[in-house]
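Since the structure comes first, as structure tokens, the remarks are kept for the end.
Chain nomenclature is as follows: A, B and C, assigned in order of appearance, with residue numbering initiated at 1 for each chain independently.
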Amino acid sequence: KSTQAQAQAQAQPRASVAPPLMQKVAPDLARYTDDVLFGTVWERPGLAKRDRSLVTVTTLIATGRTGPLQGHAGRALDNGVTPRQLSGLVTHLAFYCGWPSAVAALEPLDALFKARGIDTATLKDARALLPAPADDAQRAAAVKAALAGTAPALADLTNDVLFADLWRNPALSPRDRSLVTVAALAATGASDQLDFHLGLAQRNGLSRAELAEAITHLAFYAGWPKAMAAAGRLAKADGADDA
Amino acid sequence: KSTQAQAQAQAQPRASVAPPLMQKVAPDLARYTDDVLFGTVWERPGLAKRDRSLVTVTTLIATGRTGPLQGHAGRALDNGVTPRQLSGLVTHLAFYCGWPSAVAALEPLDALFKARGIDTATLKDARALLPAPADDAQRAAAVKAALAGTAPALADLTNDVLFADLWRNPALSPRDRSLVTVAALAATGASDQLDFHLGLAQRNGLSRAELAEAITHLAFYAGWPKAMAAAGRLAKADGADDA
Amino acid sequence: KSTQAQAQAQAQPRASVAPPLMQKVAPDLARYTDDVLFGTVWERPGLAKRDRSLVTVTTLIATGRTGPLQGHAGRALDNGVTPRQLSGLVTHLAFYCGWPSAVAALEPLDALFKARGIDTATLKDARALLPAPADDAQRAAAVKAALAGTAPALADLTNDVLFADLWRNPALSPRDRSLVTVAALAATGASDQLDFHLGLAQRNGLSRAELAEAITHLAFYAGWPKAMAAAGRLAKADGADDA
């Protein structure tokens, strides 16, 4: 009987991740989806599936492609991201991609939480902020200096709300915030801001190899040009480190 | 009785602008929405609420985040933007963000106009163009020179349709067109075009402080990186003025 | 009787392409749509209507503005684009704009194919790849050199999947892939990648004039700033050719 089951399993093709509509309308895309994206890229070492989920969900929200969001947020839960982290990610992206991008994520997340029976009372923030990084005063002074003559209110909001509050909110670890921020910047082509955040990400515990792998993963969700531009900034950061 | 009402008002918490779904799925975002975005940013001096509405509505259309558009266009009417100005803004953005972005705004605006009982016959353009600015021939020659060898048809359309017609259409004042254009360029990361338009905006009557405040406001609707990039261009323009 | 019909035809205004909703909510935009976009731009020589359809459909998918996609994909069929080419275009854009942008195109295309009675069995790929271009080994080595130290997996995927497989898939000709790629890069502001692809496009058979006309056409669908940025890159490429 076991041999018969084994033979049946071998006779059946591997289940396709590509949905029937894709197999029908864009059969080549279905093949790439099964063989390359899910067969190879998601299985690559160098970046945990949990982190690949953070990069994927971030890219969907940052680029306003919320159709597949409920599905990928569910996959994120399966890969170990907590509901509170998903909620914290949405709040984080409100600042990095604008309120409307975050707002568009609320309904898909609500539908997911309902479908999984998740109690949203667990999403409430305890409001005990993490300590500020040792070099934060230096960073705040640099922001103030850069914007003082041009947009001082933007400098104050950057220091008082973004860094003194959002980044220290324990809903997401600083390492996860950095991964999400790098993915959001890369997905939206904010190359100039990547220079600072690729460095901060490494200070927050992401390895150089994880960042390269996140950018490679993101090629499939934000498109090749965005990944190539981000890889260029990572190469530049490497050069600066060597110098 | 008056004292009783006063006591009741004090006992009730300030009404939250954040919708119930946001309070449930992203409670921290709801807090930032009430305390920072509506409690502080919208109330800041330096840019009229009417102008904040123009920046907000422009950002929603430019970035294709039309979910909150009907609500924010309604707020724009409350803040003193006229229906004809909203209609003119959509037409203006067709050129600066592409036809499909403008087309996506038609249904939300139509729903708003119906809900408010606004007669769309008032949106018809009288077609008496405003005079061309004194330095327009110089601007047209620069466009022609820049594009002559590469894309002469694009130069002709820029001069004959954009500047000789759209910008002189009285549905929106040149000042409002500049505010909308700067917001659209900043929201879509068109930094190179900002250099010219930050200068034109000041010639059209927007103050340096209003532009800085518009960029700060836009951080919340298009995301921090877009505002930081635009502030960088404003700083550069300031430097050029000083030189 | 013929004279009567003639008189009637003359009495009737030219049919408007602008939909009634646009005429109502944004009457000036309707006028530009009829007089400039469809009355002039689509009728311009220098780029075939079939190619204008490829540029338009690409821009809609690349920018996530899928509302008008079914209509424009139908126009593409009318202009001579085949169903298999539309399907191949979607697969191509998955790589250049990200999977979610391609996925969002599946339902509108499926609805179109159903409405036209198109048998989706014809979309299956025969899988006999086109030969690699003569200079492909040189291109692959350059990619490997540029990314070797930073993101070697991204280099391998670029060479093994994008160029050794996708670009050689006969569903779209290399010339059409280049037109679609240039339009996608221009529409999403990927200026740095345009430098390489404007050159490849000309090696793949697109004329300099066709590229300029494609960029001019794209101004109306992706917005003026995107077209101006792309024209700048085309001018730069011209300069490099002259040198």
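What we mean here is this: a residue touches a chain if its C-beta (ideal position, glycine included) is under 8 Å from a C-beta of that chain, and two chains touch if they have at least 3 such contacts.
None of these values were measured; they are calculated from a predicted model.
Colleague: For the homomeric pair subunit A and subunit C, should the interface be classed as same or different, according to whether the shared residue numbers exceed half of all numbers used?
Modeller: Because under half of the interface numbers appear in both copies, subunit C and subunit A meet with different residues.
Colleague: Degrees of rotation, nearest 5, to put the Cα trace of subunit A on subunit B?
Modeller: It works out to 120 degrees.
Colleague: I'd like to verify one number: the distance from the centre of subunit A to the centre of subunit C, where each centre is the average of its C-alpha atoms, in whole angstrom.
Modeller: 29
Colleague: Could you tell me which residues belong to subunit A and also touch two or more other chains?
Modeller: Each of 64, 189 in subunit A touches at least two other chains.
Colleague: Touching subunit B in the complex: which residues of subunit C?
Modeller: Subunit C reaches subunit B through residues 21-22, 24-29, 31-33, 36-37, 41, 44, 46, 59-60, 63-65, 67-68, 189, 212-213, 215-216, 219-229, 231-232, 234-235, 238.
Colleague: Could you list, by residue number, the parts of subunit C that touch subunit A in their complex?
Modeller: Against subunit A, the touching part of subunit C is residues 64, 87-88, 90-91, 94-104, 106-107, 109-110, 113, 120, 123-125, 146-147, 149-151, 153-154, 157-158, 161-162, 166, 169, 171, 184-185, 188-190, 192-193.
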